[in-house]
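We call the chains A, B, C, D and E, going by the order they appear; numbering starts again at 1 in every chain.
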Amino acid sequence: MTDTPETQPFDKAQGESFEPVIIGFTCNWCSYRAADMAGTARMKYAPNVRLIRLMCSGRLDPTFVLKAFAGGADAVLISGCHPGDCHYINQNYKMLRRFHLLKRVLQQMGIEPERLKLLWASAAEGAIFAEEINKFVEQVRPLGPLNWKPGNGAHVEAPVHEEVPA
Amino acid sequence: MSETISFRQEVANLLYASEGEPLNTCIQCGTCSGTCPVAPYMDYTPRQIIAMINQGMKEQVLESNTFWYCASCYHCTVRCPQDINITDLMYALKRYSIWKGQHKEGLIGPTFSEAFVKMIVRTGRSFEPVLAPSYIFSFGMRELLLEVQGATELLLKGRLPLLPSRIKRLDNFKRMLGRIIPMGGLE
Amino acid sequence: MKKEFAYFPGCSLEKMAISYHMSAIETTKKLGVHLKELEDWNCCGATTYSYIDELLAYTLSARNLAIAEQTGLDVVAPCSACYKNMYFTAAHLKKDPDLAEHINFALEEDNLHFTGSVGVKHLIEVFAYDIGPEELKSKVVKPLTGLRIAPYYGCQIVRPQKDHEDVELPQFFEEILSAIGATPVNYPLKMRCCGGSLIISSRPAALSMVRNLLQCAVDSQADVVATACPMCQVNLEVYQQQVNQEFGTNFSVPIMYFTQLIGLALGIPQKKLGIGKEFVAATPALLRLEQAGAAPDQETKE
Amino acid sequence: MSKPKFAMYWAASCGGCEIAVLNIHEKILDVDANFEVVFWPVAMDAKYKDVEAMEDGAILLTLFNGGIRNDENEHMAKLLRKKSQILVAFGSCACEGCIPGLANFSPIQQVVDTAFGTISTDNPNNVRPQTSYEMPEGAIHIPTLLPVLKTLDQVVDVDYYMPGCPPESHQIAAVIDLVIQVLQGKAQLPPKGSVIGAGGSTVCDECPRKRNVKTIKEFGRIQLTEADPELCLLEQGIPCNGPATRSGCGAKCPSAGAQCIGCYGPAEGVVDYGARLIAAFGSVIDADKPEDIERILDGLVDPAGQFYRFNLAGSLLRAAKPAWKSGD
Amino acid sequence: MEKKERIGVYVCHCGTNIAGVVNVGEVSTWAAENLKEQGVVISRDYKFMCSSLGQELIQKDIKEHGLTRVVVAACSPHLHEQTFRNACKGADLNPYLCELVSIREQSSWVHTDKVAATEKSKALIAGGVARVVHHEPLEPLRVPIHPATLVVGGGIAGIQAALEIANAGYPVYLVEREPSIGGHMAQFDKTFPTLDCSACILTPKMVEAGSHPNITLLTYSEVEKVDGYVGNFVVTVRKRARSVNEELCTGCGICWEKCPKKVVDNVFEAGMGTRKAIYVPFPQAVPKYPVIDRENCTYYIKGTCKACEKFCPTNAIDFAQEDQILNIEVGNIILATGYELFDARRITQYGYGRLANVFTSLEFERLSNAAGPTGGNIVLRDGKTTPKVVGIVHCVGSRDKNYNEYCSAICCMQSLKFAHLVHERTGAEVYNFYIDIRTPAKGYEEFYHRLLEEGTHFIRGKVAEITDAVRLPGEEGKLIVQVEDTLTGNQLRVPVDMVILSAGLEPRRDAKEVAKKFGISCSADGWLIERHPKLDPVATVTEGIYIAGCVQGPKDIPASVAQGAAAAARILGKIQQKEIALEPVRASINQEQCSGCRICNNLCPFNAILFHEDRMVSEVNPALCQGCGTCVAACPAGAISGTGFSNEQILSQIEGLLLLNIPKKETVA
């Protein structure tokens, strides 16, 4: 029985060329559109972030963040509309509250707080979005790979069987 | 990137801790200059200085007297509709021109500042009489006489110290400042 | 009400503004507030230090703040420039941990460390808020009835600090003056700069600023201009003569520290308040006041 | 025809699960009547080699309690898996790691140091256990600790899960009844992977306390709070894990005035138990400004411990970073 | 093992937009080879997937290969999600079984490293494939629409909207807080740039709205509560007691003539004039019935007087009248609650409230209005002196981070209008102090030129302060405007007799509560937020609620009218469809799993979650649910699920994005 995965999530060359893999969560209305805007304006940013679109940052279930870390992500970005500008009135505040609690728990789990970032971005803030992603990548890079031992949880992962020496 | 940085960026880098919006957000409304009590004495108004910095007119900016005339009253700063910290910008320009040794001729400000700073480095406190000769000899008798006139009266009223005050832990103090910048240039 | 503060007099109060120092100590004592002078404080750097190096300027203030922190008291500065420097140094250092680390590295040489716990106040804030006009009024024994005073705030008490109160038209100085029975006059230039930091380097500009302020005080029929800053006081007073020479005017406006005025109302003898050390004698104005029946110079037994 | 064979084994556990089984009282006679008990170290004498000698699948039902803490646990888990037709992860330790799993917050070396080297330990010579030791009589071996504690299903395939610390005796009795009925052809086994002996909702479902719309202005600790005996504890700021914890226990703790600490584990379909509580508690904090949120959270002592008391080994992250790092 | 999905992957070149950076061929081949396990049976790349040929390609594959899921890797879903959903629908595949992966906005356009962009695109597609497996076929929710509409706010935007809908033959309730409709426009003298008499163009519209058979006018009324959802709102309106029986009143005006109590009118006359305790705000008020202002009426204060009652020829005065609570059923709602003027007192250095002859723009409107307190005479605060020099300050409270950062849009033109009126009526010298002159609409720039020709002075500089502290000769008794003429760099002190502050527009003080009441959102500034700033400016995120006029942001009269009409047109379109299809992205609660813990009850801003006390479970009303998913994330029992964004979908997408469970091939060099 071993915890070494058969497939590494990503090519993680060690050392100076380490490219962190970042999972990002955006809301449909502001931050995803900020990403769209960065694209439309051809702003360049680091290719390390892979985005997931939620309808609202309020949908952000801490499970998603834990899943991303457990699945090999080196960092997680959470973004939503600016406080007060939520498309769903005020749901981003609910995410904000969870975020603070989640951050505390992750810290206890030994995950550096620098690996989790909260970013408010309006649909018009493509430039900020791009700039913040670059900053985030540079913030994570010196921490090195997180390389969490992959495990999808007790009830999900199919265990590997081995011959038992009699 | 090996690009040379713009004058605006150089200035921005000098504002290490200052809060406020960057100069490129200036909308040239003139609130600062309209507010400034010293604007009529300046070669360029503060607004013009910002425009000139944004245009990269380094030589003209450094040769102007504008920032040496800033009285640090912060009136422009509280009124600026763009939250630009204009007063701190003026400080930055003073620093820049002193470091580069590049400033308008005939100005008292730079010499005075250096004298003042040297004094504090030496004693930890400010001592008015020491200031007088340090600049007066470079700027002529008229100022000296004007100053002496006031100074004598201060002395008579018991308001001018005869000996400089010193702080006790002066050695520590000097070493402390030495950790921020090498003192060679000042002492 | 807080009874004790760490007191940072600043270089000017050692000699040039000795009467400010004297009156500050006397009045606070009378009002049951203890000003405990900081041990081995250094110069705040005035405005000049920022001309040379921003970080050095912060270091100077940070040393004083760190010393103040050891007392566990809020630090009070009577000089607006000292106050502004300390207030912003504390604010910047609290906000920017990198900066704090850098400065603390230097402070180590003097076995000091700044943590950000200290509050910074201007002396006039102690009177305006910690003591408050009500309390002050109740302690007045010789109200300065009829004395018209121009409250001169100057620059750096409320600027550029924005969350304090109205940065354009504050009222706390007026409230203090009303509390001691005087008449605060409408002084439209109360927030304008006196040009103190220019008096050496750019004299013509500074003198014209002084002239405007004096003219405005005369126009608003002020007997006295009250200040809360040694720089303003010296600038408005010592250079009055030069202004008269330069502009052909004939100003003779006494410039007094607000603490001196409070001291008079509290019945503290003039001498203890350093009255008499001014260039433009305050006596004629005070004499008028006396004739008007308020009799400020009757010494009370303590 | 011989009776079907029954086994029960304890790995890293406290023994409470065995007591819970015995607590079914006379029902234990049904077990004896319907099964042949072939292996149950706490109740009868049997040797590992007896089990090893059995044919694969010879045991019909094995209740396995305890987490996998060392190589002996691991070996036995694999062995029993091979010999059993139905392997049940019995109790919180086997299901999700339980209290022994809390060791996963720390590197194993630190765990050992704490056990043998802290001031409260009577160990003047600072003796540390060796996995292998030469005696005049020959070498002896004791099991090697694994870097992190694992749940049973992280090691072998598991047929059913029975949560609880320990599982409630009436639930055990019900499960035994069911199995007997299945043997008699009167009932069918639930689908593989099911949670048995528990409810389908959460503890709140069985909790008698009155509940309102929730907003938490402040967190408190139950020992320092005078809680209203009628009202939902969470509403009173006491971090009760009931809303996220599977029902089946009868809400024993909140009924008795203590908050639920979560021993019945996550509800059906939940991927990460702690995440549910982070989300739920987080959502109802009554503050919008970061500083206010932080202030309220300051009242929640040791959130990771609160949320993962029983579930750390079974959670998505399984262990804190220093713990798994030390195992590299 | 359940039935395995058959997935098609389609990688778009978007011309060279994607193909120029991402190696689309490699991506497509990679997906075909590496995502087999996930169910990919076919993977193609094509020049323009969104073209009709591209769509046909997908449709053909759906039929020929029996695809059960489609993943399109192309541009942002905000652009073409609908396109590809429709394509699937055309091939009889439920449109919600299609997933769009953005490899243009999120990859080719933002990255320069081709290898990295290609690798990232692969990961994004793997995420999309992993996710699409868990998609479910969804059907839009259909609800009927009530034909009536509620318009809140009786300013020009609201009036226009009400008339459009009423003229189309549908009922409208027009609710206005003040005793008369008309709004700010009724206060103005002239409108720019045509200098039309404001009242002359507004009054006919007010009368039409007041007498329209399809419009129920509810003035002196406020909305208290909104329940229900698009098509089926139930609105509670409080109709405040006018103390006048509308059945009997003829609006003859004797009552307010006889009323002995004068009150300073801070609303209509902006504090410049007075009205009586029983009053109509202005002569052309609609409806014509007066109201008694109970706070100021002598009878309500002292119990005596009743002059109005005594003189009323029709016995219409009813002192005992009470507020009425009305419940109105409507299908759609338009919010047109307008703006408030920036409080110029906040800029202390401009002296408003301290220096007598500093006026606000609204004060000046009344001053210059022939029906106003001075009969249109432009005079100083003393009521008689005509100013010789007038300064007009632009951008008061606007374009300033200390107050409001936005441009109030109307101040430039308004200031030019003032300058013209001052010049025309008094012959005074006029100085306009401006930062920029913004005249972007039809005829506006021409008006500016006209002012230049009239000899109005324009000084480019934001005014630093206005003072009465005299420094120079010629300043005595004047207000001095201190400003930098930024075009010359000179600091000026301009002595004037009168200053007009062109104060900016601000959201209504209660905008946030209004937004909350109607379940829509407001920006940090306080303006209500439209669904899309460019493409959907009058709709909001809440279905059935529309916004028009200044409530959405500062704008002039033509723009407000246009928005009113636009909102009406949107609603008419909906009403005519008789029912509405709602996006099926919704939350639902598994009643078995719900323990009634009530964590979720407080989380929904749309009140879509109700709690059944009897069964102790919570339930989601699908018509109210907007699909944000906050409750899904919060449910501690995992009992709430969300269609379209389920846990399985997102967790699988994470696995896909991290390329978990994908056999590793040789690394790309």
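Note that contacts are C-beta pairs under 8 Å (C-beta built on N, C-alpha and C of every residue); 3 or more make two chains touch, one makes a residue touch a chain.
From a predicted model like this one, the values you see are computed outputs, not experimental measurements.
Participant: Trace the shortest sequence of touching chains from chain A to chain C and report its length in steps.
Facilitator: Between chain A and chain C, the shortest chain-hopping route counts 2.
Participant: Can you list every chain that touches chain B and also touches chain C?
Facilitator: Touching chain B as well as chain C, we find E.
Participant: Provide the C-alpha centroid distance between chain A and chain D, rounded to the nearest whole angstrom.
Facilitator: Centres of chain A and chain D (C-alpha means) sit 30 Å apart.
Participant: On a C-alpha centroid basis, what's the spacing between chain B and chain E, in Å?
Facilitator: About 49 Å separates the centre of chain B from that of chain E.
Participant: Using Cα averages as centroids, what's the distance between chain D and chain E in whole Å?
Facilitator: That gives a centre separation of 54 Å.
Participant: Tell me, which residues of chain B touch at least two other chains?
Facilitator: 78
Participant: At least two other chains touched by the same residue of chain E: list those residues.
Facilitator: Only 349, 603, 630, 633-634, 647, 651 qualify.
Participant: When you check chain C against every other chain, which residues touch at least two of them?
Facilitator: 168, 212
Participant: Pairs of chains that touch, anyone?
Facilitator: Inter-chain contacts occur between A-D, A-E, B-C, B-E, C-E, D-E.
Participant: Using the touch definition from the top, list the residues of chain D that touch chain A in their complex.
Facilitator: 52, 74-75, 78-79, 81-82, 95-96, 105, 151, 153-158, 161, 193, 271-272, 274-276, 278-279, 281-283, 285, 287-288, 290, 293-294, 297, 300, 302-305, 307, 313-318, 320-325
Participant: Under the stated contact criterion, what part of chain D meets chain E in this complex?
Facilitator: Of all residues in chain D, those touching chain E are 200-205, 211-215, 232, 234, 242-244, 247, 266-271, 276-277, 279-280, 282-284.
Participant: Could you list, by residue number, the parts of chain E that touch chain B in their complex?
Facilitator: That would be residues 349, 395, 399-402, 435, 460-465, 482-486, 489, 491-492 of chain E.
Participant: Going by the contact rule at the top, pick out the chain B residues touching chain E in the complex.
Facilitator: Residues in contact with chain E: 21, 27-36, 39-40, 44-45, 47-48, 78-83.
Participant: Any idea which chain C residues touch chain E in the complex?
Facilitator: My answer: residues 166, 168-169, 188-189, 212, 215-216, 219.
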